[in-house]
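Below is a structure I'd like to ask you about.
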Amino acid sequence: MAPRNLGKYQFYNVTVPSENVVHVEINRPQKLNAFFGPMWWELKDIFEKLSVDPETRCVLLSGAGDRAFTAGLDVEDAAKPDNAISAGGFADPSRKATVLRRHILELQEVISTVARCAKPVVALLHGYTYGLGIDLASACDIRFCAADTKFCVKEVDIGLAADVGTLSRLPKVAGGVTSWVKEVSLSARPFSAEEAEKNNLVSRVVAGGKAELIKEGLEFAKYLASKSPVAVQGTKNILDAAWGRTVEDNLNYTAVWNQAMLQSTDVQRAILSGLKKKTPTFEKL
Amino acid sequence: MAPRNLGKYQFYNVTVPSENVVHVEINRPQKLNAFFGPMWWELKDIFEKLSVDPETRCVLLSGAGDRAFTAGLDVEDAAKPDNAISAGGFADPSRKATVLRRHILELQEVISTVARCAKPVVALLHGYTYGLGIDLASACDIRFCAADTKFCVKEVDIGLAADVGTLSRLPKVAGGVTSWVKEVSLSARPFSAEEAEKNNLVSRVVAGGKAELIKEGLEFAKYLASKSPVAVQGTKNILDAAWGRTVEDNLNYTAVWNQAMLQSTDVQRAILSGLKKKTPTFEKL
Amino acid sequence: MAPRNLGKYQFYNVTVPSENVVHVEINRPQKLNAFFGPMWWELKDIFEKLSVDPETRCVLLSGAGDRAFTAGLDVEDAAKPDNAISAGGFADPSRKATVLRRHILELQEVISTVARCAKPVVALLHGYTYGLGIDLASACDIRFCAADTKFCVKEVDIGLAADVGTLSRLPKVAGGVTSWVKEVSLSARPFSAEEAEKNNLVSRVVAGGKAELIKEGLEFAKYLASKSPVAVQGTKNILDAAWGRTVEDNLNYTAVWNQAMLQSTDVQRAILSGLKKKTPTFEKL
Amino acid sequence: MAPRNLGKYQFYNVTVPSENVVHVEINRPQKLNAFFGPMWWELKDIFEKLSVDPETRCVLLSGAGDRAFTAGLDVEDAAKPDNAISAGGFADPSRKATVLRRHILELQEVISTVARCAKPVVALLHGYTYGLGIDLASACDIRFCAADTKFCVKEVDIGLAADVGTLSRLPKVAGGVTSWVKEVSLSARPFSAEEAEKNNLVSRVVAGGKAELIKEGLEFAKYLASKSPVAVQGTKNILDAAWGRTVEDNLNYTAVWNQAMLQSTDVQRAILSGLKKKTPTFEKL
Amino acid sequence: MAPRNLGKYQFYNVTVPSENVVHVEINRPQKLNAFFGPMWWELKDIFEKLSVDPETRCVLLSGAGDRAFTAGLDVEDAAKPDNAISAGGFADPSRKATVLRRHILELQEVISTVARCAKPVVALLHGYTYGLGIDLASACDIRFCAADTKFCVKEVDIGLAADVGTLSRLPKVAGGVTSWVKEVSLSARPFSAEEAEKNNLVSRVVAGGKAELIKEGLEFAKYLASKSPVAVQGTKNILDAAWGRTVEDNLNYTAVWNQAMLQSTDVQRAILSGLKKKTPTFEKL
Amino acid sequence: MAPRNLGKYQFYNVTVPSENVVHVEINRPQKLNAFFGPMWWELKDIFEKLSVDPETRCVLLSGAGDRAFTAGLDVEDAAKPDNAISAGGFADPSRKATVLRRHILELQEVISTVARCAKPVVALLHGYTYGLGIDLASACDIRFCAADTKFCVKEVDIGLAADVGTLSRLPKVAGGVTSWVKEVSLSARPFSAEEAEKNNLVSRVVAGGKAELIKEGLEFAKYLASKSPVAVQGTKNILDAAWGRTVEDNLNYTAVWNQAMLQSTDVQRAILSGLKKKTPTFEKL
C-alpha cells in the first residue's frame, strides 16, 4: 500500500507496511545505494511530505539489497569533470568558493530535511554504511543496525572534511566530542556494529541479518505509532531543541510548547485509558 | 538526629545519618511515592534550605518503602476535574494556555531547586522510577541504583511531552541526544538498571536490594563530606555552568570563580595535610 | 631525528619517530613528571610551533619513565611561600583575586595551546595520570592508555576546583555532565583504565605496559599521517567548533570552511588514487 | 482604590488609578527613596503578585516626593558593621565570598522579578535616579522621565561594579556596549534627561515636572490597557526572549508561542472590531 | 529591461533600472499593497532567484502607488472563515496549534528568504508601512524612507504578537530592546519618519515624496553595484553572522570566510585601481 | 615621563601625561599612520604590558601628526609581491587559504589585545580614521573625536570584507546591525564626526582641532584614574562579558565576579570618603 500523499520515486521505494508507519527504502542496490544528483532531490521531497502527512506517525529508513545501507557518495560520478564539486567555469578562487558553498548548503539542506521531519525517523542500517551513510543516519532519531554492518566516516579518505552533517551531528548523537568520535572521524578507520553500539551511535544491534533487522524495526515502529502523536512529536521537537542550549532556555521552551499541547484530547484519552486499562486511540496529526 | 534549620515535613523524612550528610526520603510509600499538590512545595522548601545550610555538605535523596523511588505523577489526582492540568474556568484557549504555562513553570522551578542546590545531591534509586522520577533523578548530581530498579520516561503514555525537566536534562546527564535517549523518551519503553548504567544515567548499580543501596550511598556521602566543601561546591558549580557553553567561556568563568576561592584556607589545609599524610578538617560552608 | 623548526627543551624530549609524526615526551620522571614553573612555558612553545609546522601531521604526547604520564601539579613547589598561588605581596582580597585570576588565565592558556594545535594530538597515558594529567589529556584529541593507568581528578583533594581545563573539557570528551563525571570530579576518587574506557575518556586500553602503548600509538599516528592533511586538520577544526553551538550554526561554519578547502588538490588526488587503488601522497600543510 | 490581591506595604504605595492599571510608588521620600533591607522583599512580593494578577494589564513605577525616583542604595545603612556587604563572621575569604555571592544573587533576583513581570512595566523617572535607580529602570520595559531627572551609574563611586543588573541590562536597553554606555558606567559621571533620551535609555522626556510626567505616564498606561492583553503580554515575552539569541532561534520560539495564542478570542474580537471601527473589549488575563 | 532569470509575477514588478541593480516593486496598490495568500509565494520565489543570480549586485524593494509601502496583512482576507489563521477543520486545540505553527513557520520562511538573500537589499519606504511592512523592512539590509512615511507595529491591534519577524529583527536593526522598541511594539502606536530615523530603523529620510526616494535609492544602489561583489556580499554575510554571537566566535568565522575570499582577483583589481586612481571592474558573482 | 615597565618603540610614543594615565600615540605621521608589518607586533606588546601594569589605570590612544588617527592598512606595502596577503609559495588554494587564515588570526589577535586590555582604553580620533582605524577604535572602550574626523569602513574599496574586527565589533559599539551600520559597511561611504556621534560610534565630538581633543581626552582620563581601579576594571570586564550572552548568564557572572571584588578595601574607602565628602585614594591594581 502506498501512502496517500506521496508520488512515485525513481530511487526510493516508499511503502506503508503497517497503519501510520511509512518505510522509505533507498533503492539503487546495484551501486550499493551510492548517492548521485537526482537521488538528493527525491529524498528531500519525500521527507518534506512525510513531515506534514497526518497519516504518518513513524518513518523507517533502510537500504535496498543485501550489501549496503549506502556506500556514501558515488565517487565515480563525483570524479566526472562536470560534477558540481569541480565548480567548473570559474578560475577565480573566490567565485569557485561561492559555487562550492552554495552546493554544500543545498546538500546539507537535504539531510536537514530528514533531521527536521516532525515525525520520528528510525534508521535501519546494514552492510556498508559509509560516508554519507553516517551523515544520513545521524540525522535520524533512532538507529538500529544488523550485526554485519560496516561503518566508516569515510570523508577523510577522499580528501575532505565531512560537510553535510556528520561533524555537526555525530557529537550530538554519540555523546560529546569523545576520543572515539575523533579517532574514527580523523582516521576514516572502519568500525563494527559492536563498536557503534558501545559508542552510542546505535541503540540496538539486531542479531541475524537484514531480514531480522527490518522485522525488529517494524515492531518498534508499530509500538511508536500506537502512542499519542501529540506526545511523540512534541517529545522529538523538545529533545532536538535541547542540544546546544542551556537547561534554563530549554525548560522555558518546553513550557511554551506545552501550554498549547496540554490542551490536547490525547491527554484525557491517555489518562482515562490508563486508569481503565484500555488501549487509547488518537486522532491523526 | 534532625538537621538544625529544617522543620518537619508531611511527605518527607529528613535526617542526618552522619556528620554533614542529610538524607531526604520521599515518604508516601502507600502510593508508590507518587506526587501530588503539597508534595511539590515541601520539596522546594527542603532544598532551598539545604542549599545554604552551612552544616550540610552532601544530600542523599531516596524513596520510602520497598517498591518505588517514585512512580511519578499521581495520575488519579491529575484526573480530578479541579486539577491544575484542566485549567478550569477558562474557555479561551490562549487564557487556558497561560494558566497551564504558569503551572508548568512553577513545577519546573521545584525541580530546578534540586538542580541548583549548592551542595552535591546523590539520588539513590530503587523499584519504580517512572516519569517524574526521571525528572527528579536527572536534576541530581549523581545517581546510584539498586539492581531491581525499573525505569520509564513515562510521559508519552499519558499523552504529553515530559515537561518538568527530563527532556532538558536527560541529554545532559546521559551524554547527548543519543539513539537510546530518543528510543526510551519517544516510546515510553521501560528499561532496566543495567541499561541505565550502560547509557550513563547512573554511575553505579549496587548489587542486592534497597538496604545495600542506602548503605553504599551513605558511604559515598561520607567520603564527599570529608573533602573541602569549597572545592566540592565549586566543582559542582563550574561543571553545571559548562553545559551549553563554549570551552573558552567556561575557562574564563572558572578563572573568575577561583580568583576568590583560591584564597581559601582549605587550600593550605589540604596541601599541608596531603604532604603530611594527615586528614584535613575544614570550616563549614 | 629532531624536527626542523624546534629547539631543545629542558623538560621535554621532542623527536620524529616517523615521517610527519612528532613525539613529545614530558621528561621529569624523577618527580613523576609533575609540573612546576618553567615546564609550562616550554609546553606552550612546543605546541605553538607544531601547530604551524608544515612537516607535522600528527603529534603524540606521553610521559617519560615507567611510573607516570604526570602526577599533576608539583605540590611541594606549590607549597613554597613565593609560589604564585599565594599571591604574595597583597593584603587586599580583591587585589589578591586579580593576581590569582591573571595567573590562572595564563596557565589555562598553556593547556588551550595544546587544544588549539591545528594538528591532531594523541595522548598516550600510563601510570599516574592525576590532576593536571586529566586537564592535559582532555585537551588532546584522542586518548589511548595502558592497562595500568591510574586516573584521578585530584584537585578537590588539594582544596580547589580544577581550573585549568578539566571542568570545561571533561564533559565534552566524556560525553555530558554524567553521573560518572560528577562522581569522580566531586570526590577525587581514583579510577582505572577500564572505567576510563567505559566512560569515553579513552578510546583504547592497550593490553600490556608502556612499550605496547607507545607502539600502538605510533602505528595509529602513522596511519593518520598518511591521510590528506587538509581533510584531517579540517575535520579537527570543525569537530571542535561543534561543541556548545547549535547544529545549524555548525553546518553553516562547515560550508564556509569547505568553500576554500574543497578546492584542494588533495581531493582530486584522493579520489583518483581511490579509483585506481593506489596510495595518494599529499603536499605538506 | 487598592488592587484586590495586594496587601499593604510599608515602603510602597500601590494604587489603581484607572481600570487594569496599577501604580507602584516607592515611598521613602525623606531618604530620597534610597533602598535598605526590608524594601527589597516588599518590592519582590508586589511584582510577583502583579505578574499573575488577572486584573492588571499595565504597571507604573515611580518614586514618592519631589526629589528622587531613588537615590540608590542607602549608603549609611550599607556602612553599618552588620550589613550583609561586610559578610561578618567569616575570616576566610572564600567563605566571605560565598556569603557575598548568595547576597548578590538574592538582590539580583528582586530586580529580575520586575524584569520578569508578565505585564508591561513603565518606569516614570524624576529627580535623582542614581545607582540602583538605573538597575531598576533598566529592568522595566519602558522608561519616561521628567526634564529635571539626574541620572548616574553611581556604583563605581562606591568602589564596586554595578551588580544587581545595570551592567547586564543597560547594553540591552541603551543599544549595545556603545562608547556612551562605557563612558557613563566606567566614570560614574552624572547625565541629564536629554542625554538619556539621545542614548535610548528613555523614550520620552516629558516637559514640565513630576506632575506632568505622572499624567503622561498614566495616559500611556490607559492606552496599553485598552489593547488585547494576550497580544501585549505575548509581545513582551517574545521581545525579551530575543536578546542574546539568534534570529532563527527566536523565530522558532515565536511560532511555538503563537501556536497557542492565535487561538485566542482576542484575535477575532480585534479584527472584527477593526473592520467595524468599534472598540474591542477583552477578557482578563 | 527584465532580469534574465526571472519570470513574470502577478503581484510584483521586477525590473533592472541600472546594470546589476534589480528593483522589486510590490504591486497591489488598490489594496495599499496589503498581503494575502499568493503574494507570499511569489515573494519567496523572487528572492531565492535573486540571491544566486550572478548579474544581480543590489536589490531595491518598494511599494507601487502613492499611498503605501504595504499596509500589512490584508485583514479582510484574514477574516474569511477558510483562512489558515482559523485552522479550520480541527476541534482539538493541540492539532489546531500544530496547523497554526506550520503556517507561521511557512510565512516566516518567506520573510527569511529576503533576509538571507546573498545580495544587499535596500527597502525604500513611503506612505503606510504597517505591520508586515515592518517585518519586511527589518529583513532588508538598509532602509531609506520618504518624509511622509507612517510606521506602525500594528499586530497588537489585531490581537496578536507580531510573528513573522518584527519581534526578532527589530531589536537587531533598531539597536537593542530599547524603551522605544517596546513602546511602539507593545502599544501599536504609529510613528513618523523622523522618529524612525532617530531610533535607527531607517538610515535616511529623503526630503520630498516617493519620486525623490526612488531616485536617491537608485543612486545608492548604483554606488553599491560598482563595488567588488566579493567584498560586498562577504560583508553582508559576516555582519549578519555577528548578531547574537560573541565577538570571538565571529572573529573566527570572519577568518574562515576570508581564507577563501582573499584569494579573489577583486582584491588585486581593487588595490591596483586604487593606486592608479582608476575605476575597477569586477567579474559577476 | 616614561612608564616604568615599557621599553622604547619604533612606531609608538608611549608617555605618562598624568599619574596612572598612559598615552599611546601611533607614530608614523609621514604615512598618515598607516599600518605595515612591524607596527602590529609593537602594538600587541604595548597593550599586553599595560593590561597588567599596576600603575596604569587609563590608556589614551591617538595618532601623531595633524592629518590622521590612521589611514588604515598601508596599501602600497600590501601590494608588494612578498606581502602575506599574496600567500606566496603555494599554488594549491586550500594551502593558500591556510596561510591566509593563520595570518588573519594573527592580526585579529593584535586588535583583540587592545580589546582585552584590563584597563579602560579611550580612543582619541582625528583626521583620517579609515579601515583599520575603525577596527582599532571599535576595540577601544570609549571614543571621542575631533570635529574634523573623516571616517570610512574602507575595506570594501580594496575588494575585501573587513576582517580584523570591524564587522564583529561595530554592531556591538554602534548598537545593533542597524541600517546605518550596513549602509557604511557595505558601501565604504565616508562619514563625518557628526554622523559618527549620531550613530553611537563616538560619545563626544570635541569642538576645535586635535589639541582640544587631546586636552579633553586627558581630562577624562584623569577623572577615570581618580576612581577605584577595582570598580572601574570590574565594570569593563562585566560589560564586555554581557555582549552576545543572555541577561541571566551575565547576572550570574557578575555575582561570581563580585564575590571576590566586594571584599576590596576600595569599597570601604569609597563609602567612607563619600559620607565624609573627602576624596578617596586607592591602592594600585
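Labels for the chains are A, B, C, D, E and F, by order of writing; each one numbers its residues from 1.
In the analysis below, a residue touches a chain if its C-beta (ideal position, glycine included) is under 8 Å from a C-beta of that chain, and two chains touch if they have at least 3 such contacts.
These numbers were taken from a predicted model, which means no experiment stands behind them.
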Shared chain contacts [subunit C and subunit D, defined touch]: A, B, E, F
Recurring contact interface, reference A-B, options C-E, A-C or C-F [over half identical by residue number]: A-C
Type of subunit C:subunit E copy interface by residue overlap (half), same or different: same
Centre-to-centre distance between subunit E and subunit D (centres being mean Cα positions), rounded to whole Å: 33
Subunit B and subunit E: spacing of chain centres that average the CA atoms, whole Å: 48
Computed distance of Cα centres, subunit E from subunit A, in Å: 34
Interface hub residues of subunit B, defined as touching at least two other chains: 93, 96-98, 171-172, 174-176, 200, 230, 243-246, 248-249, 252, 256-257, 259-264, 266
Footprint of subunit F on subunit D - complex, ascending: 75-76, 78-79, 85, 87, 93, 96-98, 100-101, 104-105, 108, 112, 115, 155-163, 165, 167-169, 171-172, 174-183, 185-189, 199-200, 243-245
Footprint of subunit F on subunit E - complex, ascending: 120, 141-143, 171-176, 200-204, 220, 223-224, 227-228, 230-232, 234-240, 242-252, 254-264, 266-272, 274-275, 280, 282
Interface residues, subunit B side, partner subunit D - complex: 52, 92-95, 97-98, 102, 230, 233, 260-266, 283, 285
Subunit B - residues contacting subunit F, complex: 241, 252-253, 256-257, 259-260, 263
